[in-house]
Structures are given as C-alpha cells and as structure tokens.
Amino acid sequence: MLPFAQPDFDRAQRKGVPEVILADRKSPDETVAIARAFLERTGRAILSRVGPELEARLRREFEGQAEIEWIAPARAAVLRRPGTRPAPTGGRVGIITAGTSDIPVAEEAALVCREMGCQVWTAYDVGVAGIHRLVEPLRIMLEEARVDVLVVAAGMDGALPSVVAGLADVPVIGLPTSVGYGLGGGGVAALYSMLQTCAPGLAVVNIDNGVGAGAVAALIANRTAMARGASPDHK
Amino acid sequence: MLPFAQPDFDRAQRKGVPEVILADRKSPDETVAIARAFLERTGRAILSRVGPELEARLRREFEGQAEIEWIAPARAAVLRRPGTRPAPTGGRVGIITAGTSDIPVAEEAALVCREMGCQVWTAYDVGVAGIHRLVEPLRIMLEEARVDVLVVAAGMDGALPSVVAGLADVPVIGLPTSVGYGLGGGGVAALYSMLQTCAPGLAVVNIDNGVGAGAVAALIANRTAMARGASPDHK
Amino acid sequence: MLPFAQPDFDRAQRKGVPEVILADRKSPDETVAIARAFLERTGRAILSRVGPELEARLRREFEGQAEIEWIAPARAAVLRRPGTRPAPTGGRVGIITAGTSDIPVAEEAALVCREMGCQVWTAYDVGVAGIHRLVEPLRIMLEEARVDVLVVAAGMDGALPSVVAGLADVPVIGLPTSVGYGLGGGGVAALYSMLQTCAPGLAVVNIDNGVGAGAVAALIANRTAMARGASPDHK
Amino acid sequence: MLPFAQPDFDRAQRKGVPEVILADRKSPDETVAIARAFLERTGRAILSRVGPELEARLRREFEGQAEIEWIAPARAAVLRRPGTRPAPTGGRVGIITAGTSDIPVAEEAALVCREMGCQVWTAYDVGVAGIHRLVEPLRIMLEEARVDVLVVAAGMDGALPSVVAGLADVPVIGLPTSVGYGLGGGGVAALYSMLQTCAPGLAVVNIDNGVGAGAVAALIANRTAMARGASPDHK
Amino acid sequence: MLPFAQPDFDRAQRKGVPEVILADRKSPDETVAIARAFLERTGRAILSRVGPELEARLRREFEGQAEIEWIAPARAAVLRRPGTRPAPTGGRVGIITAGTSDIPVAEEAALVCREMGCQVWTAYDVGVAGIHRLVEPLRIMLEEARVDVLVVAAGMDGALPSVVAGLADVPVIGLPTSVGYGLGGGGVAALYSMLQTCAPGLAVVNIDNGVGAGAVAALIANRTAMARGASPDHK
Amino acid sequence: MLPFAQPDFDRAQRKGVPEVILADRKSPDETVAIARAFLERTGRAILSRVGPELEARLRREFEGQAEIEWIAPARAAVLRRPGTRPAPTGGRVGIITAGTSDIPVAEEAALVCREMGCQVWTAYDVGVAGIHRLVEPLRIMLEEARVDVLVVAAGMDGALPSVVAGLADVPVIGLPTSVGYGLGGGGVAALYSMLQTCAPGLAVVNIDNGVGAGAVAALIANRTAMARGASPDHK
Amino acid sequence: MLPFAQPDFDRAQRKGVPEVILADRKSPDETVAIARAFLERTGRAILSRVGPELEARLRREFEGQAEIEWIAPARAAVLRRPGTRPAPTGGRVGIITAGTSDIPVAEEAALVCREMGCQVWTAYDVGVAGIHRLVEPLRIMLEEARVDVLVVAAGMDGALPSVVAGLADVPVIGLPTSVGYGLGGGGVAALYSMLQTCAPGLAVVNIDNGVGAGAVAALIANRTAMARGASPDHK
Amino acid sequence: MLPFAQPDFDRAQRKGVPEVILADRKSPDETVAIARAFLERTGRAILSRVGPELEARLRREFEGQAEIEWIAPARAAVLRRPGTRPAPTGGRVGIITAGTSDIPVAEEAALVCREMGCQVWTAYDVGVAGIHRLVEPLRIMLEEARVDVLVVAAGMDGALPSVVAGLADVPVIGLPTSVGYGLGGGGVAALYSMLQTCAPGLAVVNIDNGVGAGAVAALIANRTAMARGASPDHK
C-alpha cells in the first residue's frame, strides 16, 4: 500500500505488541503516511520522538479524523479512531527512574504499557545517591499496587536497577539511559553495570530503548494478568 | 558463621531465587565450606562451574550427608538434604539454543529454572543458518507446552533471539554466549545484536550468564503460574 | 589537469568499476570541477551524497552540456554526454533491505550496479522482525530473475544477510547501515553480526558503503554474465 | 540422529557449500561422531583445526572405512567414502598471502575451494613491505590462470588486499588474519584497513575466517564456471 | 648499587609512601636483590603478589637477618630489620568490599595503610545485592571508629562505592576489582560505574590497584591525624 | 514540592557537600524552579554550565530576592540569601592546570571548594611540555600555603598529575579534561594515563568532573582543618 | 604578562620548534592577545585552524604592525615583524598525501617545516588505489630533491605510508588523517594500520596532527642539514 | 629458495635496515632455515624473541659456521660470518627507559641500532615518579654524547617521552611498552599518552615494537652521520 515501506500491521495481533513509529528517523511526509496507514488498518497509530513541528502537522492532518493524545514528557502522540481505547488487561507495571533526566525514556515505556492495556505506577528521581528516597515508593508498588514487573531506568552509574532487583521479588527490566559524560558516558556505564549485576532477576534492554522495555514489561504483566483474570479471586 | 563470607541465606525466601555458588572463582576449601553452610541453613546448595576434581571432592565430603545431583552438561551440582526436592510451581519455561556450543550455558539456565520449581522444555542447535530447523520445536513450545517465557541462547551473530521474538507472543530472554572469534567475538556481536533487535519483547542478560537468564525466566514463569494456580482451570 | 586532484580517469577501463565522486567531502567548486573533468575525459560523471543546493548548481552548470539523471532515493546524480548510456552486460543483481532506513544506501549500490551495466531487482523493508515478508521476494529473485549475486542491506541487529545467506545459493554481499542506537549503534552491531555469521557465502563491506557493495556485486555479476554471454543459450 | 547436535547435512546440496567441522570447539568424541554422521550421510567429512592427537584418533577410527586426506598447512583433514572426489566445476580461484604467518588461514580457504570443485592457484609471502614481489604472481593469476576471483589474506596493516584490488579486475575477498601485536593487533588493524579500502571491488570476511572466504570465493567462481561451461568456447 | 634498577629509596621520606615491590613482574633473583637493597637502606621491604615459591625463597634468604611478616590474604610479605615496626600515626582507615573475591585487593590496600602507620577497620562481603548487610558495619566505622577515609572495593557492577559515598561524610576511594565477565568484565563496568557516580566525595584508582588505593587513603588519614595529633583533645 | 524532581536538600548537611545544579541538562524553567527551591530551603543555589541567556534569566528572576555571584571562567553562578556567605572551614586546596583549556573545569572545582568553606590557591597553564614552569607555583602551594590536598587538571597526555604526585607529599586528585583529539582524544588518554600512574597518592574522577574533584578535595581539606582547628596552633 | 596563559616563548630557541597557536580552541580575544604576545616577544606568531572571521579580525588588528601571510589550504596564518623571514637551514622535507582530503593536514605540516627553515617538496593525491601515480613523484623526492625525511599523510586504510616506507631509504613520518567512515573511521583504521606496518623506518603521530608531524620532520631534516652544512661539499 | 617464505634479502641494501627474524612466530625448524638463508646470502642473521631452547638449537646448528652473539636482555641473537662486524656509521642514538620492565624492548631497539652501525648510549629506570633521576643522564646524552636522536621507552602512564621531548632538542621516538594493568593496560595508556603529547618533536611506534623504534632511530642517526662524516670537522 505504501510505496516505500511494508509496515507490520498485524504485529499487535500476532505478538500482542503494537508497532511504535519512531518519527525522528523519518521525514514528516513519511511519518504522516505511515501513521495514516496504521490508523486506517488498526484504528491506532503510536508515534514517538515527535518534535513540536510534527505535532502541529499531525494536528492539522488528522483533525476531525482521529483523536489525538499528546504525551508531553515522552514526546509521543497516539492517534485513535474516535471513541476507541486500549482494552484494560489487568496487567500491572511499576516504572522507576534514578534521576529526572531519565523521565522521557521512562515515559516512552509507560506509554507502551498503557497502550498494551496495563495499569502503570511511576516513581521518579529516587536514585542511589540518596537511597532513602527509594524505600517508600518501592514498598507501595510491591505491597499495595502489587505490580507484576518493574522497569527501572537509570543513566550515569546505572546502580539503581541492581539495588531494586536485590530488594524486589518480581522480574526487573533495566532500562539504561544516555545520561552521563566522560568515560562510560552516553549510557554505556549504566548498561555495563546492569549487565554485571549481582542481583538476580534483572534483564536489560539497550540504552534509551523505552519502547522495548515497555513492550517486554507489558508482555510479562499481561501474561500474568491473563492467568489471574481466569481465577475467581484475582489477587 | 563463615570467617570470609556473608552468604545471603535468605535470598531464596526474600527473592524467590536461590543463590548459585560459582565454584570456579573460589578455592575448593572455600567452595566446600560455603556449600556446607547453605546445605545446613537452607537444605540445598547449588554449585556451577564444577570441574571433575571438585566433583570428586564434593562426593567425598558430602557422602551420606546429602543427595548429590550432577548435571553434566551444565558442569553443575546440587546438594540436597536427603528426600527433599524443589516444590513444583507450575511455571513453564522453554529454552532454545542456536548451536551445540551454547548448550552448557543453556543448561545452567535450565538448572536454575528447575530448582525454582519450573518445568523446562529444550530445543538445541536450531540456529538461523538453517532456520527451517526452528519451526517445529518453537510450535511445540508455544502451542503444546504453552510456555510462559522463552530463553534463547546464541553466540556468533546472535540472530536467533530476534527471529524467535519476531514469531513468539511470550517474553523472550536473550542469552548471548561467548562463542565467536575475530571482531565481535567472545559473545560481543551476539550481545550487541540482541540489544539492537527490531523484534519487540526481547530483554537480555550478559554473555554466558545462564544463571541470570534462568532466574529472570523462572521469576516470570512462577508469577504467571501463581496467578494461574489460583484459578479453577489452571491451564 | 586539475590543480588539487589527480582523478583516476582510467579506472573504469582498468578495473571495470567507474569512480564515484562523494560530493559531501568536497566544496561545490571542487565537485563541479572534478565532475566536469570526468565528463570530458570519460563521457560520464557519477556523484553521490548530493544535497539540494548542489543539485541546483549542477543543473545550472551542466545544462545543455550533459544529460543529468537524478536518483532521488540515493541522493545521487549522473551526468552523461548526451545520447550515451551504460552498455548492458547481462549481469543480474538482487538488492534487499531489512528496513526503510536502509534504502538510501541500498540505492547507492543499485546506482553503481546499473552504471556498470547490470540489471537490478530490489525488495525493501523485509527484515527479520517479520521474516514472512522475505520469502516471496527472495523466491522471485532466485528462481525467476535468477540473479547472480545478492546485496543485503541491514542496520540494527544486522540479522537479515545471515538469514538470506542461509537460504540462497548465490554469493551474498552484506551491507551494514548506520541505523541503530545505544550500544552497538551506528551500524556497529550490524557489521559485527555479519562478520560473525554462521551462514556460508557472505562477505561484507563497511557501514554505509553502498558504492563499494554495488561495485563488488556488479564485478561478480558481470564476470558471470560475460561467461554466460559467450554461450549459445545465455540463460 | 546425534543426541547433541542437528547437523545441516543438506547444506552442500541446498547452498553448494559443504559444512566444515571446526574440531577445536568440540571434544574428540563429539568430533568423531559428527564426522561419522557426515561421512555416512554425504560421503564426506571436512574437519579443520585438527591437532596431532585428533589426527591420530581419526586415523584409528576411520581406517578402512574412509580415505583420509591430511592437509598439513591448514591443520585440516578430509574423510571420504573410498573412491570419491569432488567433481571439478571449472571454477578458478587465486589465493595470495602477505606473509608466511597468513598461510594456515589461506590454506583453509584453499581447502574449501577445492572441496567445492574449484582449481586453486596460490602465491604466498608477497606483502607490501616489498611490493615488487607481488607483480609477477598477480600477472600469472590474472592473465595466465585467468582466475574468477581472488582471496587475499593479510595480517598486520592489512594493506595488501587494497593494493591488489587497485590492480585486479576480478572481485577480491579480503581475509584478515590474527597476525599483529599492540594497538590494532590480533587482526583488528588488518580488518579495519580492508573495510576502509579506497579500492573498488573488495569485500571482506572476519579475522581468520578462511573457511568463509573460501566458501564465498568458490560460490563466485562456480557460478561463473557454470555459465562458462554452458558455452561452446569455455573461456 | 643495583645493576638493573634505580629504586627510589627516599620515597617514603619524601612522599610519606613506601615503595611496594610487585614481585610478579620480576624474576625471583631480581626480587630478592631489590628487597635486600630496600631492607639495608630503609630497614624495610614490602613485597606484594608473592607466590608460595617466592615465599619459601624469601624465608631462606632472609632468615636471621630480618623479621618476615606474611599477609596471606594479600599474598604479600614485609621484611623488617628486627625489632622495628611502623610508628603509629593515629590515621584511621575503613576498608569495605562488596564480595569475597574483592578481599585480596582490599588486603593490599590495608597492608599499605598499616605500613604507613594507620589503624585499619575492615568489613567484607557487604555488597548491594543485599544492601541490608552494609548498614551496621558502616555505622560502626563512621560513628564508633570515626575513620578519616573509606576505601570501598567492588567488582561486577561496582555499585557499592556510590551507595557508600551517598551515605558517608568522609572521602571515599573507589577501588574497582577485576571481578566480572562478559561485556564490562574484568573490572571495566565497576570502574566506569564509579567514574559515573552521582554521589559526591568519591575518587577512584585503577582496577586491582590496592596499593594505590591504600597509599592515597593513608595520605589522607595521616594528614588529618597529624593535625589532630597537634591538638590537646586529639579525638 | 517540585512536581518533576526530588532534590536532595539535606545533602549539604548530611554529606558536607552541597548539590550543584547542572543547568545544561535542564530547561530554563526547570533550572529556575529547582534553583528557587534550593534558595528557599537552604539559603543557596549553585548552578554550573550556565550560558548567557540563562544568566540574564537568572538575573531577572532573582533580582532583589537573592545575591547573585557570577563566576565567569567556570560558567557558574551562586544565588544566596542576602548577607550570607559560606563559613570558612580553614581547609586549604591547591588547584593546578596543565593548559589554558583546562581552566573552566578547574574553576568548577574551585567554586565547589569555596562554597564548602575552603581557601583555594590556583596555578594555571604549567604543563609538562615546559616543566620548569611548575616548580615555583608548586613550592608555594606546598611550603607557603601548606595546602591539604591538590587538584591537578590536565587534558591531552594527562601527564601533569603523575609528575605532581611524584613530587608532593599531600593527596592529589587527578582531574582529566576533554582536551585532545584523534586517538585517546576527548580526555580518554588523560584519564587512562592518570589511572596508570606510577606515582603514589593519586586518585581520579571522571573527565570534566570539576564538581566531583572539588567535592572530594574539599572533604579531605575540611576534615584535616577540623582536626587542625581543634588544636592550639592551628597551622 | 597574559593573565590567563603562560606561553612558552622560549621554545623555539630551546627546542628549535616554534609554538603554533591552535585558534579553534580559543576565543578570538584570547587568540589575538596570545598572537600579539608572541609577535612582540619573538617577532612571529603562527596560527592554525583560522576561520574566515578570525582572518578578518587578524587583518584589522595587526595591519601596519605585522606582515600577515595567509596559507589558505592549511587554514593558517603567520604574523611577522616586517622584513623578517625564517632563516633557511638547508633541511629538505618531502610531503605526500594519499587523497585530496588529506591536503589541509599536510599543509599544516608543510607550514611548520617552512617556518623551521626547511625547503618542502609536495606530491598530493597519489594513494594506493592507483599506486602507479606514486612512482614518479617519489623518485623525484628521493633522487632529485634528495629529501632528508618524508611525511606521508593518509586517511581511510592508511596504507600509503607503509608502501612508501617499503620503498624509501629515509625516515618516514606517518600522518593519519580523520578521513574515513564506519568501522575504523575518523582516522582510526589509518593510525592502526601505520602502527602495524611491516615496513621498517616508519614512526607516526596522532590523527590530524599536522603540526606535530611537521615539527618532528623538520627536527630530523635540520639536524642532518646542520651536519651537512659544516661539510665542504654540502650535498 | 625456501619453500615456504620469500625473505627480503636485499632490504638492508635497499632500505639501510636489516631484516629481524621474530623467532616467536615461527617453528624452530623454520627459524633455523630462514636464519641459514640470511647468513648465506647476507653474511648475517638477526633473531629476536629467542627462548632458551632455540638458543641451544642455534648453537648446535651454527657451531663452527658462524659467530653467535647472544644479547640476553633483549632475548636476541646475531649470527655472523666469522670475522665480520657492522661498519660503524658514526650515528649516535640515546635510549632511555622509564622502568626496569621496559628494558627488554629497549634492548631490542639498541640491538637494531648497533647492527645498523650506530653507537648507543642507554639510561634505564629514570621514570617520572621520581623525575630527578632523569636530569643527569639526559644531560650527558645531549651535551656530552651529542646523540642525534632519542628513543624513550615507557609503559604505564607513558609520560616520560613527553617530558623528554619537552626538554631535548633532538627528535624523540616514543616506544610504548606493554607494561600496565586494568583500564589502559598492556601499553594502551602509554601509547595514547604519547600520541596526545603536547611536546613537539615526538613520533611513536606501536607497543613493544623495539625493532621498529631502533630502525627509525638509526635511519635518522645514520643520515645525520653521513652528512657529518662528509665534513672536515666531523663533530
């Protein structure tokens, strides 16, 4: 249908994970065309790395044809066939960041989780330089929200996911961010550190891959939720 | 209790993941002492990277005091208080390797999953150079065994986890192995390739970290199984 | 003849590969001067990495003196002595990309093949995250077009060339592209992955070296075509 | 058939490239078992990286059951069903090395070419520190033997393949070897240098991948030979 | 005096830091000769990386001429003119390790501190995978022993020094150890992580440089102690 | 209090090190909000990496509410509750640079030391290419100012900290700067060189981490000063 | 004299090498002040990396006070006390480049050689992809100009200096340039290749360090010339 | 003449640099054969990296046929046609090392210089951690021996060549050695540091390349000596 691309429209159905259009690698024209194709075929188009110009363009292009949801901290947008929403799955995901600079990437993960039907709890800027800030939010996520999985985003030394995985009894997805400078900068130290973790139950995705972290976390949560949903006492 | 170490005896209870003693970084005396401590405190000691001399030593040391299970392909041993076994959780894990050289690391993952109570399905040597060998084992795992999570071990180009994650609707843990030579050798190309995957739903652990891959996979499977177990129709 | 350069005007004759002028490393004045020199000496000038300003400049400079062919997706231009065209050799090249971002580099390869007299078949955006999209285009190239060689461009995990080389019975040239982020980004993971391939019959060029991939592919195809051309039944 | 491996017995037929068993990554028992399986299924087993102990073992195991050909400089062996030989294809391959240390890897490439039916010309130790030694052997290969493709092996600075590709009008496969020390040692400088080549018509394989270089060279040569063979004048 | 070396006998006086002879880079004969020279000139020789053979040799060589102190966990030895001991400075150093594998390097640091006259407190195997083990030892060091500086040794993810520096109000010297595997292994992830720390008050030395960490820590502690010693109430 | 951040207001009290707001990683609005929060809670806000626009903005925002001190060479600003100043601790820090390009980073370190109450001596552009320029400033710092610690900033070959640590009897903090080009550029050679130093008593921080170097130096100086301050003869 | 810098005015006399002011790392004001200081103290100021704005500024500042020589291809300028010129030493330097992109760096080297009194011969764009272009210029330099030393600049594969050093009987200084892309790009492959050279008599400087290559070459040439100058037959 | 190698017998004459046979990369049989060929053709064979077994073998093989000179610290041997010696050229080379571990590599350089007819002055173990040890030996080399060139070998931080080049007025060849550990170990920090030097007049060779450093230094010294030799007052 598109002359220059063969989008995988059926992925959401086949894999349970919707395609996310990375707008910063495409021209505005291409982005709009692909978004329109997804909107028509699947009723939804998810776009990340959306700058202000593209945002304005999207509003002009799709006004009256789609509902536009703009997720500012993630620089992301979701176009929807009017009146539709992701069906809640009951999956529960907790997302934590070490610093404020990690928030945009964490919000990308949150967006994907929400579009896959999960409920998301967040706690931001609770990193290891003052580890006392972590205790209460983590307790709430594990004991009150009873999340199925945690995504922990960190740049710099990347120590937070290891600390969390040493305390929590759910799987943890480490999400290194490109925060850092000098040797090991750009997220490399964070990623290395997570790969070298002594804490069990931690797996990682690549630097700044919020979409990937969200997808794997939501797959885990949704599978658990599906099993739980079938039970009389859904815990 | 031990003069030189402070083992985390309570981890299995706190985290749901038992400690694994990496024997190749310790002297035989230290290994035996730590194993004895775990056996006494928790009823079990899991040892990996066990060479033939240490195996003989363990048999002499623990004869009559513990049951010794020797998992040859993983070069691992489990000492148990006689008559005990891990309680089955109902968690279901599939483990796949690209080549035969990936099997020892994959077996480490399988061992951890089994000790965490999961049931494990394996399919080895089904890599991308002849991708037709993958189809049937993957179908069995997904449709018949209905595994909750897949661990996919690969060295060299590390392409198999991406291919599997493009086909499967469960979370996939990529396990790069130190198989490969020249530029990108020792597992680096495999790990990079998994981090760069275009397929959603793939998270990774470090090169040769079979124990870590098994732990995160079993955490995922057991959480799902717990939810499932609470339901009347537990499949 | 030129004060600042000693172009290798005879390369096309000596090597069978024409020189390609990389315009992004030269000033517009230098580019025009070198292009004019090639046009005068060899009847043709091939320019890649041509931006819109240079395109306009070239049109002004060479209007009425040369035919200008503009290959938009490759950001390339060919100036020709009016009425001339590359003589068809009968060489047959197939070019495949994993994603849409790989197309500009793939088109550079296609341009070089065409200027070396080959016929080119292309199939774009058929990568491993949804490997079912690959089957039919590959069948057509191998069985219907009966190409002599394949160029497979991929960024990110760079898995596609390995998958293709595992299926095809012709030589495959892996062309890594600078698509990717984080660890192994900028094409490094793709190149490492191709170097580590388990599939036989795959050789590679450097990241984004579309010109180089095209040249080696066309050399292979033309040599085969030359042998074929001498036979009575040239298919 | 084998409990621990799923060899790709049909590769030779499907791809035109036989499987080579890398003996240094397997136990002697495994190697013998896989070799026997190939011998029975395909009439031939090719083994590389064969040490003296394994050689003796192979002689004992296969005496009277197979012809054993021992290629000393490549540390390789070929077991054959008695009386069989690869059918000559007419493909012609030239193999050149820069130094004497590159010979074992070059001989691996030569072995694969010969087992794929090609005729092989070699010229060793003709590197760039005394480039006058290159001229005559290269002339013979191109003008007298009229090879279809060249494999050029070099370690250290890896300059020879670029020099050859600047002179020859056939495709060149660069084969970096792990010869070199200090920064860029172990073949890294050689590989980088080949990837950065200014000479057209050069593609590369990974460091020490003689088997891979031979396979792609023979695929090229055999395709040309097949076309040539169909013609009345088999030039 | 020595034909092959110009030892810096006056360093202890000029810098306040004694020379440590790294025995693993010298022949036994050289080591003995240099040790003898130091013993004669300064009354003391400190040797690290001493294997069992060298230990025996030292005992034979210096019996009756020097007191030999053997520090097993650091694989180190101190030879002294009989009856001498380092003069206590009042400097107070705390040394912490994340795991048991970090102990040899930490003991090298402790040895240097003691030979520079400091009192040393140690707490080993208190790493972040179970961070609750850290709290009490750290409290004792800071509040009871009132150390002037902390050395924190860690391999793998190297997270412990950052966590400690986030809690302690004294300078912290991060000492990465070559514990770890795969990407970021051999201490690289640990060092990167410490360099990227978000916690203020942390400086680092190179991987496994226990001697260097001890020297800088003791310099800090001794300077503080000197100031303190001059005061009427020296606590 | 702030919706997007959880600043560690108590760090100055808990650690003795004030928080420094890195303005180049935040939007101007965020920077102003965080600065205001610190000013209100702690009476001071320290901002580094402040460009001219932000400077003007800060002047407008805080005019009449705070005293603004602008440290041009460090591109830094300090906002203070009117009439307040850091209490002098008596700590004494010497700061040396190899070249003029290292001055901005060195001034960041100086700023942090001064805000922590230390007195700072500086000597800039005294690098090893003309090592005679170092002698006199170093003598003054050690013998006249009697500094407690030295910070030595260097880019390029990073040799100066080693030379200084070979001469001085106080702890030295090596501060590599991102000055340099080609291989080992961006501060990498400088950092490597400091990590490999043969001189005892040198610890390092990451490239361009002037804030970190200042914090650890001031912690050392202040601890010494505190001990000294308690003595009758406080020099 | 300058508040922010301590230039090494005596270097030219002490070392025989004048200081070169790298203008791209300084503000225009700093550059002008340092240039003025050198002009006043030594009668000359050499500036490299001079952009067009700085050129105009220099002309305004120094009009009537100094002669300005502008070396366009090196983006460099020399200010001189009117009527002065470097005294010819009789040193003879040959400078060769592989491509046209290497010329600016080569011209920096030429400038330094000329300012150190040498006579310079150049041959540009004679790289290994068409090695026949090298023969004649090299013969002229060695046999007719009888140069004392050669500087050979190359990017990409960096093969030319090795080829030259294999042919010439004078010392060769390899000058890698930041020309190249993909793996080994930015001059890394060129530098590695030169470090790995098999040809004797080749030493290297860092990537793009034209000033350094010129300085070492002129030191060599001038020392030879001094010896030659003292002889009756100075050839 | 040799079946497996094409030695460059004429190099000494063509280049003025004799071939050095690196014995550690060849079998004893090959080494002996090549040495014999050189001895017969050129009257001399130079062998480096000679272990004790090979030494004994060489003595047996060449007894009565050649004079054998054994240079123990360089692990090198020279075989000569009886009664021959290198003709003195009058070239003067100074060789300095930072530590004792650098001596074997420095002695390789010295050997090559002596075999090329130069006179060699050495000063070992004078590194920057106690830079006062450098002053007198350097003064002797520059003012008394009046060397034409300096080779400075250093591992670890590699700072010594920069310090020397900042003081000396002759060309300096930096010779990094593989001494060092942790990050930047194996000579990498030393090489980076030399490449980044601020001191003019320094060029480098690869890590441990004593032969290469000696060759380029002797080429420089001999060219100067030749010019000097032609003058009436040859000093």
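For reference, chains read A, B, C, D, E, F, G and H in written order, and residue numbers begin at 1 within each chain.
Convention: a residue touches a chain if its C-beta (ideal position, glycine included) is under 8 Å from a C-beta of that chain, and two chains touch if they have at least 3 such contacts.
The structure presented is a predicted model; accordingly, all values stated were derived computationally and were not measured.
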If we look at subunit C and subunit D, which chains touch each of them?
B, G
Please state, in steps, how far subunit H lies from subunit A along the shortest route of touching chains.
2
I need the common contact partners of subunit E and subunit H, sorted by label.
F
Report back the single chain whose CA centre is most distant from the CA centre of subunit B.
G
Examine where the copies subunit F and subunit G touch and state whether the two sides share over half of their residue numbers (same) or under half (different).
different
Gap in Å, rounded to a whole number, between the CA centres of subunit H and subunit B
53
Give, as an integer number of Å, the spacing between the C-alpha centres of subunit F and subunit E.
27
Averaging over Cα atoms per chain, report the distance between subunit C and subunit H in Å.
47
Averaged over CA atoms, how far is the centre of subunit F from the centre of subunit H? Could you give it in whole Å?
45
Identify all positions of subunit C at which a residue touches two or more other chains, and write them in rising order.
11, 129-130, 166, 182-184, 188, 191, 195-197, 200, 206, 209
Got a list of which chains touch which?
A-B, A-C, A-E, A-F, B-C, B-D, B-E, C-D, C-G, D-G, D-H, E-F, E-H, F-G, F-H, G-H
Interface with subunit A, subunit F side, in the complex: residues 4-6, 8, 11, 25-26, 30, 176, 178, 187-188, 191, 206-209
Touching residues (chain side subunit E, partner subunit A) in the complex
98-99, 127-131, 156-159, 162-163, 165-167, 180, 182-185, 188-200
In the complex, go through subunit E and note every residue touching subunit B.
100-101, 103, 124-126, 129-130, 133, 179, 181-184
Which residues, counting only subunit B, touch subunit A once they are in their complex?
11, 14-17, 148-149, 166, 168-173, 191, 195-197, 200-206, 209, 211-213, 215-216, 219-220, 223-225, 227-228, 230-233
